[in-house]
Amino acid sequence: MTSQQVEYWRWDEGNWADPNKNWKEAKVISAGVDIGSVSTQAVIMTDGELYAYANTRSGYNSRESANKAIGMALNGTNLKLENLDFTVGTGYGRVKVPFANKAITEIACHARGANFMYGPTVRTVLDMGGQDLKVIRCDGKGKVENFLMNEKCAAGTGRGMEVIADLLKVPIGKVGELSFEVDEEPPPVSTTCVVFAKTEALGLLKGGWPVPKVLAAYCSAMAHRVYSQIMTVGIQQDFVITGGIAKNIGVVKRLEKELGFEFFKKTNIDTQLAGAIGAALFAKGLYEKQGRR
Amino acid sequence: MEKKYKTTPLKLWDKAKEIRMNVYKEIAEAKEQGKLLIGGGAEGLIALATGFDHAFLVGEPYGASVAFLYKENPAFYQQIVEACDHAGYPRDLCSYMRNYLGSLLLDKYIFGGPFPKLDFCLQAGFCDTHSKWYQIVSEIRGIPYFSLDLLPFDWEISGESEKTKQLKREYITKQIHEAIEWMVKTTGRRFDDEKFIEGVTNEFESTSLWAKVCAANRAIPAPLDEKTMLSFYVLAVLARPKKEVVDFYRELLAEVEERVANQIAANPYERCRFISDSQPPWFGLDLFRVLESYGVVSLGAHYTFALSGGWEYSSEEETWNPARTPQERGIELKTRDDAARALADWWLTTGTVCRGVRHSGAGKIKRVMDIVDKWHVDAALIHLNRGCEGTALGQMDIVQALLKAGIPTMTFEGNHADPREYDEGRTFARIESFMETLGLKKIY
Amino acid sequence: MITAGIDMGAAFAKMVIVKDGELIGKGICKVTLEPEEAVRTVQELALKDAGVRPDEIQRVGATGAGRKLVKNADVVVTDVTADAAGANYLDKAVRTVIDVGGEEARAVKINEEGKVISFAVNDKCAAGAGAFIEAMTRALELPMEDFAKYSLKSTQKIPINAQCAIFAESEVVSLINEMTPREDICRAVHDGISDRVSSMAKRVGIEEKVVLIGGTAKNIGLLKSLEDALGMKITVLPDPEFVSALGIGILAAKDSEN
Amino acid sequence: MIKDFKEVYENRHEYAKDWRKKYPDRKIVGYMCSYVPEEMFYAGGALPVRILGSHEPQNVTEPYIFGMYCPFSRDVLAQGLLGRYDYLDAVTTAYPCMHLGQAFDSWTLHVTPKYFYVDMPNKVQTPHALPFLIGRLEELKRELKDWTGKEISDEDLKASIDLYNENRSLLRQIYEARKSVPCPITGTEAMYITTGNLLMDKQDANPLLKEVIEKELSRPAAKDRSPTRLMIVGSENDDIKFMEMVEQFDAVIVVDDHCTGSRYFWNQVKLGNGLIEAVARRYVERPVCPQRDYPERQRLPHVLNLAKNWNVDGVIVIQQKFCDPHEFDKVALLKFFESNNLPTLYLEFDVTVPVGQFKIRVEAFLEKLREDELW
C-alpha cells in the first residue's frame, strides 16, 4: 500500500488533559506508557486520578513512540518529564520506554486498568489488540487470577478488521455502526483468517452484497471467534472489554448476543487507555512502596 | 459425449440403510430390553462382546454422523463441536473423538434424546487416540473401562521373525481372555462361548466378503464407485459380527459379480480411474460427484478396502488377496480359547489399516502401489486428513511414490469430521486444475 | 491471427494481445469492487498499447481467480495451465514455475511442451506470502522497494516461524522492540516465506530451469532468499506479472488450430 | 562439568564421530523414543544416541511429513535429510507416538535403511505386558547378534546395566540437589546436562556427572536471592532458548517431567531373576509417557509428587504443537494441578519459540506468582 492512499484502517490520534486539576497539589504524579504493536498510549495520573493522556500510533522505533506519546500527554499540561515521580512501561515495547522505572506486562495492567475504569465488580476482561486476544480473570482489586492468549493463529484479531476496513474504504471507527445498516443479519463469513478475509469479502461484494452486509458478516464471525476464546477460560461477571475493539459496537453487540447478556458496565474513558492506566496505577503504588528507583 | 457403458443403481441400497437403522435402533432400545450397552471403537475387537446379549455403540461412525449434521443441522453441529473446544480439548485431536466427546459433554445424542447410558467402555488401542479417547469417556461418565493393547504385525515384507509374531498372537490372545473375565466380573453376567464363537466366525466372514467386493472393483468398467462403497463398508464397521451383515455382504458380492459379468459400470463414462486415501471429508462427499462429472470413477482406497476388510499377503504372488477364513482353511473353532486365538490371529494377519497406523513406511507404500497395479489406477486424489494422524501416516511418502511411478496425484488438506478445516471451494478449484492437467473436460 | 489473454487475479487484472505468436501489447489495472469494470479497463489499456481495434481480436482466452467474469472468452483455463503455457512459450528450457501471489503460492512442474507434470498449491495456514510482506512493510514503515533492497544488506540470519503469516507479525514486532536491524528483519521475513514456498515446491520435485513469475517476482529480496532456500539459480521471466495472461493468450490461438 | 555437557549438546555430531574414531569396530545407533532399552544395544557393543532436532527452520521435510505432525518429529527427520546423521549404522524406536512413528518411517525410507523396531507394549498396565516384552527383548538380543555377529553374553548385559544404572543414579543425585533453596543450578544448566547425556557414551558421561556433583552442586547459589521456583512438564523439550528466557526473569526451573529429562533416568533396572526380565521390568514400570497412561492415571500422582518434593511455586505445562499424547492429558493435567493449588501456564512449542509472544505469558505468570511485589 502506498502512502498517498487514504489509510482507512488508521484511527485518530489525540490527547487530553484535565483543566480542573492542578498537578502541583498532587502527592504522587505517576505515568503509564503502553506500547502495543499498533498503538501507543501514555497516561499521567495525579494521586491515582486521570490527569492527562495521549493516544498515538506505534512507529518502527519503540523509544520514539514512547517519547512521542508522553510528549503529547505532557503537552497541554505544564508538566515536564522530570516531574513524573514514577513511570511504568507496558505492552510489547514495555522494556523500551526510556524514561520508565519499571516494566509490567499488559496482562496485569489491563486487569488493573479495567478495574479502575469499570469498578471493582469486574471479573473477566477481554482485550483485543493487533494480533493478540487476551481473556483475563481478575479479583476485586484487579489482580490477575488467570489469563489466556490466542495461540498460533491471528484469526479474529484487530488486524483483520483493519484489512476489511481498508478494503471496503470504511474508516475503522465507522465499521461498527455501518454493520447494523442491514435489514436482516447475514450468516457470518466462513473464516476470520486475516489472509483469506480479503478474498472472501471481495467474493461477497462481487456477489452483490452491500458494504454494510459484508461488515455485518465479518463482525459476527469475529464476535463468534472471540466468544469461543472466552468460553475456554469460562466467563465470570462482570465482563468488560478493553482495547480498540471495545469501540466497535458491531462486534460488541454481537458478542453480547452470543454470550446472552449485555455488558451493562459502561465507562466514559477511552478503552484503548486501559493498559496505560493500569501501568500508571502500578507506578503510583510502587512509588509509595519503594520511592523512585 | 457418448456413454461407454450401461449403468443401473444397486439393488441393495435400501437394505443397507435398513440394517444400519436397525443397529442404531438396537442401541437406543438396548436398556429397556435388558441388554448391555457397550461403548468403544470400531477397530476394537467388537466381536469380543458377542458372548453377551448386548448392543455396541461404535465411536467412529458416530463421529462421522455428527459431521453429517454440518449440512443437515448446522446449529446443532456447532453446539456439539464447540462443547468440546470449550472444554479445552485441542482442535487438532481426532475429530471423530471431538464430535463424540461434544455430544457426551452436552448429553445430546444426535439420533434423539440424551447420550445413551453406557455400561462400560471396551476398546482395543490400535492407534494412540483410541485408548485415551475411552479413558476420557469413562472418566466423564464414571463407568468402567477396559482397553486391549494391539501390537500389529509389521508388514510381511519387513521380515519380522516368526517368534515375534508368535509373541504378538499370545499377547493379544491373553488379553482377550483377560477382557472377557473382566467383563464378566464387571457386569456379573454370563458370557456365552457359543455365541462368542458364532460372533467371531461372522466377523471373519463379513470382513473377508467385503474384501472380495472390493476386489471385484478391479474390473473395467468398475462396478462400484467409492461413494457407494462408503455406504456399504459402514455395515462391517458397525456390526461385522452380526449374521445379517454376513448375509448382506454375500448378496452384495453376488450382485457386484453380476455387474462385472454384464459390464455394468458405476460411471457410464469411465474415462479415468482414481483412488483416494484416508477417510473422506464426510460432510463433503459432493467431492465424488465432481469427479464423476469429468467421467472419473473413484475405485476406493487403501482405507476403504481395508478398515473392515480382511486381506492376506501372498509371498509367492507378492500381493494381497481377500483373506481365507479359518473355516475355509479347515480350522474348526470349538472352545473360547480357539475363538480367542483365531480372533487375535485374524486381526494380526488381515488388518492392514492397523499396520498402516503403526508401521507405514515401505509396507503401506507397497500395498498402495499394489492397488494401483491390480485395480488399473490412472490417478490419485489424496485427502491430507488433519483429523486422523493414524490413517494419514505415510501419506506424503505415498504421494512421492505415486508421482515417481508416473501416477498423477493431487493432494488437498481437510478433515474427515471437522468441516472447519475443509475448504470446499478451494478444493474444487484445485480439482479443476488437476483435471486440466489430465486433459479431462467436464461432461455435465 | 490476433488473440487476447486475460488474467483476472484477485488484486490485479492483466491482459496481453498476441499476434501470430508475438506479444504486441499489454495492460494491467487494479481489480475494484466492480470487477466487470476492471475487465473493461484492462481491455482498453491492452488494445491501446497494441494499437488494434476490438473487432480485430479473433479469439479471447481467460484465466485467474475471476476468469469466469470474462464473458466473451473462447478459452478458459485455470492458473496452473496458464502459468505452464506462458513460461514454456518464453523459455522452452523451463521445468519448474513458481508463482508467489498475494494469498496463494503455486509450484508447477512442466515438460518441454509446457505440459503440466505435477503441481502443488499451498494449503490454508501456509498461505498469504504477499499479504505477509505487505503487512511487514507497514510494520517497518518501509515502501516495498526499500523493503526488498534492505533484505540484501542483511548480515545475520534470524529464524522466524512464519507458519501463519499474520501471527508472525507479532514475532516481527518483538524483533523490532529488540532493536534488531531492519535489514535483518526484512531478510527474516523473506526467508520465512521462502522456507514455506520452497518446502511446497519440493513436493513436485524441482528440476532446473526454475523461474519465478507473478507480481512478487519483482521483489529482489524474496528472489535472493528463495534462491538460497532452493540452492538453485532462479530466473525471473520478463514482465513476470503477465506470464499467465500470455499463457492463455497463446493457448487461445493454439486451441483454434485444433 | 556442566560446560562439557553443553559442549557435547552443541557439537553432538563431532562427539559421535570422535567416538567412532576411538572405536572403529563398534556401531552407532540413533534412537527416537525414550522407551528404547539402550542397555541391550550398548551390551551389543553399539552406542545409542538420541536423535534430537536443531531448532532451525527448514524446508526439507514437507515432501515426506505433512504439516499436522508435531514440529519435533519434522525437526528430527530434517536432521537426517540434511545428512547430519550420516554416521549412523542403524536407527531404532520403541513403538513411539504416531508423530515420531511417522518421522521414523520416513527416516528408514530416506536416511538409514537398517532399523530395529522394538514393540514396546502400549498398555503397560496389563499383566501380560511384561512377559511379552521379555520375549521381545530376547528376540532383540538375537537380532543384534545377527547384526553385529557378536553374541551378547550375560557379562556384557550386566556390565551395560550397571553402567546405565550408575548414570541414572548420578542424574538422580543432581536432581535431588535441586530440592535445596536456593537451587544450586539453573534449569538451563540441568537441561544441558540431561540432553547432553542423551548423546553420550555413559563411560564418558558418568565421570563428568561426578565432577558436576562434587564441584558444581556445592558452589554458591546461581542467584543471590531465592528466585521463583518452577516445574516444567510436558513432551520432549530441549529448548534451551526457552529455558534461558524464563530464567532471565528471576525464576529458576528446579524439576521437570520430560522424556528427555527426568522420565529418562528416574527408575533403575532392579537386578532380580533374569537380566533381560530386569531390563523389561524397568521399562514397563518407569514413569509413563501420557500415551501409555491408561486405563488408570498413574502419571498425575507422580508429577504432583515432583511438584511437592521440589517445592515449586508454579508449573509450566508445555507441549509440542499437535502432540496428541500430551493433548489428551492436557485437560485432566491442568485441572489436577489447579485443584492442588498449583498455578499453571500452558504453552505450545514449535521448532523455534516466538520469544516475544512467550515473554508476555511467562512474565504475566510470574507477576501473578509474585503479586506482592507489585501490590
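Which chain is which? They are A, B, C and D, in the order written, and residues in each are numbered from 1.
Everything below uses one rule, namely that contacts are C-beta pairs under 8 Å (C-beta built on N, C-alpha and C of every residue); 3 or more make two chains touch, one makes a residue touch a chain.
Not measured: the values here are computed from a predicted model.
Q: Find the chain most remote from chain C, comparing centres computed as mean CA coordinates.
A: Here the answer is chain D, farthest from chain C.
Q: By count of C-beta pairs in contact, what is the leading chain pair?
A: Counting C-beta pairs in contact for each chain pair, the top pair is B-D.
Q: Which whole number of Å gives the spacing of the CA centres of chain A and chain D?
A: Once rounded, the distance between the two centres reads 42 Å.
Q: Whole-Å distance, chain B centre to chain D centre, using C-alpha means?
A: Taking the average C-alpha coordinate of chain B and of chain D, the gap between them is 36 Å.
Q: How many angstrom between the C-alpha centroids of chain B and chain A?
A: Each chain reduced to its C-alpha mean, chain A and chain B end up 50 Å apart.
Q: Rounded to a whole Å, what is the gap between the Cα centroids of chain C and chain D?
A: A distance of 45 Å separates the two centres.
Q: Among all residues of chain D, which ones touch two or more of the remaining chains?
A: Touching at least two other chains: 62-63, 67, 350, 356-357.
Q: At which residue positions does chain C touch at least two other chains?
A: If we look for residues of chain C contacting two or more partner chains, we find 123-125, 163, 170, 173-174, 177, 203, 205.
Q: Can you list every residue of chain B that touches 2 or more other chains, as numbers and ranges?
A: Touching at least two other chains: 88, 384, 396, 399, 413.
Q: Can you tell me, using the touch rule above, whether these chains form a line, ring, star, complete graph or other shape?
A: complete
Q: If we count contacts the way the header does, which residues on chain D are in touch with chain B in the complex?
A: The touching residues are 62-69, 95, 97-99, 101-102, 105-106, 108-109, 117, 119, 121-123, 126-129, 132, 135-136, 139, 142-143, 290-291, 294-295, 297, 322, 324-325, 327-332, 334.
Q: Which chain C residues qualify as touching chain B in the complex?
A: Residue list for chain C touching chain B: 77-81, 115-121, 123-124, 203-205.
Q: Under the definition above, what is the set of chain C residues touching chain A in their complex?
A: Of all residues in chain C, those touching chain A are 10, 31, 33, 35, 65-66, 69, 102-103, 124-125, 127-128, 131, 134-135, 137-141, 143, 163-167, 169-170, 173-174, 176-177, 179, 182.
Q: For chain B, which residues count as touching chain A in their complex?
A: So the residues of chain B touching chain A come out as 82, 85-86, 88.
Q: Which of the residues in chain A end up touching chain D in this complex?
A: Those residues of chain A that touch chain D are 92, 104-108, 141, 143-145, 147, 149, 151-152, 282, 285-286.
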